[in-house]
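The structures come next, written out as structure tokens.
Note that chain A is present in both complexes that follow, paired respectively with chain B and with chain C.
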Partner chain A sequence: MTTRGDPKIWLRFTPAERIGRSMVYIIAAIAVVWSARTIEIIPEFLYDAPQQTADLFQRMWPFDIKYWPFVWKTLVETFHIATLGTILAIMMALPLAFLAARNFTSNAMLRWTAQFIFVSSRSVNSLIWALLFVAIFGPGAVAGVLSIAVRSIGFVGKLFGEALEEAQAGPIEALTATGASKPAILIKGYWPQTEPAFWSIALLRWDINIRESAVLGLVGAGGIGVALDAALNNLYWDQVGLILATILAVVVITEIVTSSIRSRII
Partner chain B sequence: MMAMDEAVRQPGAAPVVLRLDRLRKEYRPGLPVLKDITLDFDKSGVTAIIGPSGTGKSTLIRCVNRLVDPTSGSIWFEGADIAQVRGSALRAVRRRIGMVFQEYNLVERLTVMENILTGRLGYVPLWRAYLRRFAEQDIARAFELLESVGLGADFANRRADKLSGGQRQRVGIARAIMQSPALVLADEPTSSLDPKTSVEIMELLADISAKQSIPVIVNIHNVELAKRYARRIVGMTGGNVVYDGKPDGLTAQHLSEIYGGEEWQ
Partner chain C sequence: MTASAAPNAPSNMAAAAFPPNWPKRFAWAALTIYAVYAISVLDIDFERIVRGMDNARRLFARMFPPNLQADKLALIRDGMIESIQIAILATFVGVALSMPIGLAAARNLSPVGLAWAARGLIAILRSFHPVIVAILFVKAVGFGVLAGILALVVSTIGFVSKLFAEVVEEISAKQVEAVRATGAGFGHVLMFGVFPQVMARFVGLAVYQLDSNLRNSTMVGIVGGGGIGAPLFTAYQRFDYDVVLTILLIIIGIIMLMEVVSSRVRQIFQ
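Now for the complex of A and B:
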């Protein structure tokens, strides 16, 4: 911001700032042109994309209802994978969260170890974890459950650890002063303060895991993704349509269920 | 051990509940907050510790139940020096010392009854605390205390976060007494309360101290309240004790020595 001679002249930017801003626009334009050339768009494919999309939807409809029993079976498996995976993740993440919380664990080495486990769990996508576990345990729901569980440890542990660190120090000090042991302080001091956060985190992760376990079947880790994979490979678009519609419905329903439970807890 | 036994046997003197001997605390080396405090506390009623903010009153009281670890000196309580005890021995000492806080420090999402029963956490096995299966006599005692702090049985199932400040402090006092303590510490118990409620809370502390014959040590910055309810006043300034005696012996000169200056009086 500068004012020159006559105080009524006001300019928002200095000349240097104006040059800088123009440069940003020019660089952005160059970047767009450059990347458009690099990805080698084949215009013919682009022109008939609307037609292709319409064609795909036409082939999907009407859904192949005869495929439903198999879809249902894999859908139930998806639920089981998501739920079991979430429960396993919580069981492993809770102790780690206490180790990671600064106000509960004073040993820096333990805290660092817990944080490291969280980061490694979170840095790998559950689909990649699934590839790994399919290689170890073979295809099927076991690999799915484990990949969901391992991917969720970091999420649940990090968020619950942060909730623990936000627990008020006063009541903890008061319970310490009564001569309560550390486990007793955990049950009566930390847990009541962090319980709403815990349920909120667990539900949110379960919700995410329903969606994630729907695609695990693409790499052979069980669930509705197996049905999707089979239908895609056979080019049975009417089956693909049925599965996509089912996944959409399930995601919407879990979203409604979890958000209504969450609002009741908090 | 020896020193304590001799003190107890001194003819004519009331039995000593707590003896601080050259108690020193340095948060940073070379900068003592408490400068070798030596004090005896007997079983008689309320002792008020007065003094300006940051003078070590809170540190002194927290050294007694070891929420703060003293740098040197000894703390004689129930026949032993507790200045260095650790682990389960420390927890056994702590459960004999009740504590009342300025911000009440209740567990907000638990009910009044559960908050009072946390006073038994040093005694009951973990599974009982977890399953909320407290002994019948503990529950009966909690209801008794609920009455005697002036709340009544219909408060039992109310959540702590639904209470007013004065009501919370009453629950805080009940929790401390629930420990069956030999000593109660109160750190600025009235500083977050309005003047009328402050008087009620001090009256309650003095009353419980007399009826249950539990000595109470109160940090308080309201000199008038201290003079009204304490049998003994300890004046501290700059980490030293500069007055120790009866409330009516406390003169304007003492007060200006404790708080500095005279304009405020």
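Now for the complex of A and C:
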């Protein structure tokens, strides 16, 4: 027997860490129990869910091919909304990203303003932005483009701002030392370092926006959602099926296109 | 400024410091032409924007001050609580299901066939927007919170299990082999070889998804999936823009609070 005090026991976490973790688990458990107990689920609706689902798929097939010309027209519109919205978002987000980057802007007030714009833009869902813009500009693609753009500012700005903060100071100092002007430093100092990040952010957001712009039509903001809304309101499930199949195909194609572009240019 | 201006450098040997990149310039030009074309196709014209600005002024005038009447606030509170509950339950169920699906999709742990099946499932779950999934669930299980929860469970599995599989694929094999060498069974290998390496990232993903579910749960109500979306949509349709503003401010406030909480939780599990 040694008398050199207690044997040391290896513990993975400090007591404080363990208390913190336990607290999170306990709060999470309370939140789940609270939600599960107060939420009302009507069991009668559940009994016939399997029949309803089977019925749903039976009604969808065969697709109503006669609806295709309208679906195609709104699909093209969806594509334009997503792409234009992404371009517009990038144009608005880039200056804000520079304002938000710590190595570019030293004024804390400006940085916080930019961060606040990013958080507000991301907090409100694109459908809710769309409701707002439909109220302002009336139903149509304009509202769709703007809601996609405004919703994407936060995403693009935040990620591009972080990419800017990771830019190496060396090339920028070198350019400053040659007496280069501010725009020249931007184009030849920051841009080459952040260009890969820029393209990957832009592609990622474009991919997301294609999916998002597919539902904007439900609130009247143009695109294939308009066709979906009309079909749903008329309970023409064979048209709904056609639209869902179209959206699925578009999502798969976008995924293939973005991943091939990404592997080529990044 | 070109390099040929430098002294003692023969001009024919010096490369320009920043040579022009014609394919790239061409791509930028094409993008600009596309943007102009798309604007013309969508008939976005100046007159409409001006008219819109006029509408916007009236709309914002009607938004202020936000409506703080007791009955409206009670309605908003109930809707918001329902949205939060939808987000919590969807995250819980979705994350619980994502754990096995993510492990099944990780190619370093699961057999090839199972991994591809899990990946296929994830791809299908990811392909539709939560609102479209919500529409289908409203038809299947009726109006109400259950449809919203199920729709968000689908998107949670799609996101969390995909990223969790990627995290599991990045783990170091050494710890797994060490545990396996002690004669441990598969459950113990998972428990002591895999989970300690990925748990922090998994909690991070779950917390991120809770954030994202909270945002989406404000939206499924528009198609009948419960939560604050329904009162919000009604307020828009009745032109009660002061109520709209109150709801939007509350949503933004709660989501900002949520971001603070989630960054705290991520720190704890760092």
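Convention: the second predicted complex is superposed on the first by the 222 of 266 C-alpha atoms of A that agree within 3 Å, B and C clash if a C-alpha of one lies under 4 Å from a C-alpha of the other, contacts with A are read in each partner's own complex, and residues count from 1 in each chain.
The rule we apply is simple: a residue touches a chain if its C-beta (ideal position, glycine included) is under 8 Å from a C-beta of that chain, and two chains touch if they have at least 3 such contacts.
Values in this document were obtained by computation on a predicted structure and should not be read as measured data.
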Look at A:Glu40 in the shared chain and tell me whether it touches chain B only, chain C only, both, or neither; answer first, second, both or neither.
second
When both complexes are superposed, which of chain B and chain C contacts more residues belonging to chain A?
C
If you stack the two complexes on chain A, which partner ends up touching A:Ala230: first (chain B), second (chain C), both, or neither?
neither
After lining up the shared chain so the two structures overlap, which partner does A:Leu175 touch, if you call chain B first and chain C second: first, second, both or neither?
first
Looking at A:Lys188 after the superposition, I want to know if it touches chain B, chain C, both of them or none. Which is it: first, second, both, neither?
both
Just to be sure I read the superposition right, which of the two partners does A:Ala214 touch: chain B = first, chain C = second, or both, or neither?
second
Dual-contact residues of chain A, meaning touching chain B and chain C, are 188
Going by the contact rule at the top, pick out the chain B residues touching chain A in the complex.
65, 67, 91-99, 101, 103-110, 114, 118-123, 126, 129-130, 172, 175, 179
What does chain C use to touch chain A in their complex?
18, 31, 34-35, 38-39, 41-44, 48-49, 52, 55-56, 59, 81-82, 84-86, 88-89, 92, 127-129, 131-132, 135-136, 139-142, 144-146, 149, 196, 215-216, 218-219, 222-223, 232-233, 236, 239, 241, 244, 248, 251-252, 255-256, 259, 265, 268-269
Per the touch rule above, chain A residues touching chain B in the complex are 168, 170-171, 173-181, 183-185, 187-189, 192-193, 195
In their shared complex, chain C is touched by residues of chain A numbered 12, 17, 20-21, 24, 28, 31-32, 34-36, 38-42, 45-46, 49, 52-53, 56, 77, 80-81, 83-84, 87, 119-120, 122-125, 127-128, 131-132, 135-138, 140-142, 145, 188, 211-212, 214-215, 218-219, 222, 228, 232, 244, 247-248, 251-252
